[in-house]
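Order of writing sets the labels: A, B and C. Residues in every chain begin at 1.
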Amino acid sequence: MIEALDAPYLTRALAAGALVAVPLGLLGCFVLLRDLAFLAHGAGVATFSGLVVGAAVPGLGPFAGAMAAALAFSGLVSLGERDRAVSGGAVTGVALAGSLALGAVLVVAVDAGAVPVERLLFGSLLAVSGADVARSALAAAMTVTVVGLALPRLAATTFDREWAVTAGAHGRATDAALVALVAIAVVCALPTVGSLLAGALLVVPAATARLLSERLVPMLAYAGSLSLLEMASGIVLARLLDLPPGTVVATLGGAVFAAAAAGRAAAARLAPEAAR
Amino acid sequence: MTTATEPMVRAGDLSVSFAGRPALEKVSFELPRASFAGVLGPNGAGKTTLLRALLGTLPHSGSGSLTGRPAYVPQSGGIDPSFPIDALGVVRMGRYPRLGWGRWPGREDRRRAREIVAQVGLEREARVPFAALSAGQRQRALVGRALAEDGDVLMLDEPLTGIDAPSQEAILAALEVRRRAGATILMTTHDLAQAARVCDRLLLLNRTLVAFGTTSEVFRPDVLGRTYGDELLFLERAAVVVDDAHHHGEH
Amino acid sequence: MVETALEWLAEPWRSGLMRLAFAEAILAGLACGALGCFVLLRRLAFLGEAISHTVVLGAAVALVLGLPLGLGAVAIALTTAGLTGAIASDRRFSPDNATGVLLPTLFGAGVAVLALTTGGRRLEELLFGSILGVGTNDVALAGALVVVVVVALRLAGKELVLSAFDRSAADALGYRVAALDGLLLALLAVTMVVGLRAVGGVLLAGLLLGPPVAARLVCRTFWPMLALAAAVGAAAGVAGLYASWHLELGAGPAIVLVVTAAVAIAAAWKAVAGVRPGRRRVASAVTAG
């Protein structure tokens, strides 16, 4: 088994995955607390068309294409959600489906065989390059730095926006920074987990962390660690089962959440006063 | 350093309108240092609008200014109560505005936060999650957050509405301590009797400024009648209540 | 010139396969357009998106167990909705959070199960639809399901609207809001079975939400909006199939692209039409009174 794991492609996949898992876990806490899960999922799905275009246009590259698609999607949805008549996620739903449909059509238009659709949708252990590792490292460094520096602002604007804005935190700038960091992390995660499941590590480890802690800083620590463990284990399992890594990581994340929820429920029943 | 006589809160023909409809019309007044002013008026009178305009978060015509640092307690509708934070954490957030980028609360900030938690009577609840606190306890934590900001002008939007009497008293006591130390307080409220009891100045608002002055000058039946119209019920000479069928309306 | 246009329009209808596809597309468009109005108004878009993804798991399990796919789809729809409610009942989690946890978990598991059991053969049709392979039985089933939806809306439509608009009022008036929720969920599951065939799981949200969004931007009251949404859904189905036929595009993606274009047009119309002076007069008359 160790031999199976000792291949350069797998080392790269693990490195890139582990590095991007940390920002996904940290940012995921704010995605959870600000109810941005749908937006994050949609941004992930929307990158598909960007990947296709980027792969087809010489000089652009999938990363740039995906980045542009994720940012365009987030911007468009923020605009659309302002109309109260159709707010509540409908614009997100239409935008992500439209974007995916566009990608599906372009895949055929570009070159049926050249772009491996399943790999783009669910990730692949074979597709992670050294550049992907470097990008993930950069994303991790950026996120840890920004979240570390801006944590008071992030916390205050998430908890009580009106007070925070009056007290000098720039609400819109904080929102934009958060969305940008999420887009970057999602795009860096694409080679490993794919477009359709990029949102998994944003939400699920953070949700598990929320079950484990009632304070923000411990929650961030749990989320980052869980995300890292789930990504690494998911990649190894995917190698062993020969499955697309995105599917294994996502399922594993959910299983851990379920276990934590069950554990808490059992603990509560055994010691009702202590567990509250 | 402000002089003793310089007004801390100033409004000159302050007006705000939303989509062409006036919410505040030419409100003018001045509050001296260490005064405790109550803003009274029916729903839709513009009480919240007044605070926001003075804080600079609403576009307005005319002038509205605060001297020194403001500290604000908005109505708590926008808070997600399930946020992972405890009472002490909420109070400590009041120290954030003084921190620059990349700075986290230091030892002095933490000490100050613990001090204020005690001041508002939440020592035993310091580590209790915000979500598990009662309405009165939550409000005490939010007022504590404003106190932790060490502001010169405290602006509170209906801080005492709908909470238990002990919490109200704890908040008022903490505010009075701060006032004696030199802070100026502007508080909107529905409770006429309470305002008459604790405030030294009253602003009676009904889109325009109906009356402004010391409590004894202003708290008279004819003035109150002009403010509230037929929402006012006189029970006996000294006691006045507002028949407030539409509670917690957005101003 | 007219002949070529007519020929262009008539050509696909000569194929028996396409005639069935047109029928399926119209039925799917009608059902999704109509039901989607409730999804829009109840702000259940994310749940709708999640269910349409998790049906892949339902289908995978059904395949493994040798049961009809539709059964698996309905079962997983109810499971997803139930689990979402269970997680969201914890005050720490919002419906957005709950759906955000369940979608990747169940969808990822579904794709993994499919890959392990069938080697991913049926993945593409579950993801993007397989409308060009429908048989008469499929169309007959779709027709029956649409009849069910129409009858349900005829019988309980105004109650569903009332509970969507003002749940506490409906409850106070004595309506069993939980039962109405259950009915809506059942109709949604049924609609999704039809829509799944037409556009597939990952695009279904487009067909379910797009026509209602477009209609909402144009209509101001509910029932005209529902009628328009159903019409837009059906028309998009037909137009998408034409695009698929003449431009050699995938049918599911083509239909959803047409829907997206319809939304864009409606949004542009609203932006432009909103500055008409007539509207402002009405608005100020209302507020002055």
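The rule is short, and it goes like this: a contact is a pair of C-beta atoms (placed from the backbone, for glycine too) under 8 Å apart; a residue touches a chain by one contact, two chains touch by 3 or more.
This one's a predicted model, so the numbers in the text were calculated from it and none came from an experiment.
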Everything but chain B, grouped by touching, gives one piece
Of the chains shown, whose Cα mean is nearest the mean of all protein Cα atoms? A
From the C-alpha centres, identify the chain that is farthest from chain C. B
Between A-B and B-C, which chain pair shares more contacting C-beta pairs? A-B
Chain A and chain C: spacing of chain centres that average the CA atoms, whole Å: 26
On a C-alpha centroid basis, what's the spacing between chain A and chain B, in Å? 41
Centre distance in Å when chain B and chain C are each reduced to the mean of their C-alpha atoms: 48
Multi-partner residues of chain A (each touching 2 or more other chains): 210
Residues of chain B engaged with two or more neighbouring chains: 84
Residues of chain C touching 2+ other chains? 92-93
Touching residues of chain C toward chain A in the complex: what are they? 39-40, 43-46, 48-49, 53, 87, 92-94, 96-97, 99-109, 111-112, 115-116, 120, 123-124, 127-128, 202-210, 212-213, 216-217, 248-250, 252-254, 256-257, 259-260, 263, 267, 270
Under the stated contact criterion, what part of chain B meets chain A in this complex? 55, 57, 70-74, 76, 78-80, 83-86, 89-90, 93, 96-97, 99, 101-105, 129, 132, 142, 145, 149
Chain C residues touching chain B in their complex are 91-93, 284, 287
Along chain B, where are the residues that touch chain C in the complex? 19-21, 81-82, 84, 131
Considering only the defined contacts, which chain A positions touch chain C in the complex? 31-32, 35-38, 40-41, 45, 80, 83, 85-98, 100-102, 104-105, 108, 117-118, 121-122, 196-197, 199-200, 202-204, 207, 210-211, 241, 243-244, 246-251, 253-255, 257, 261
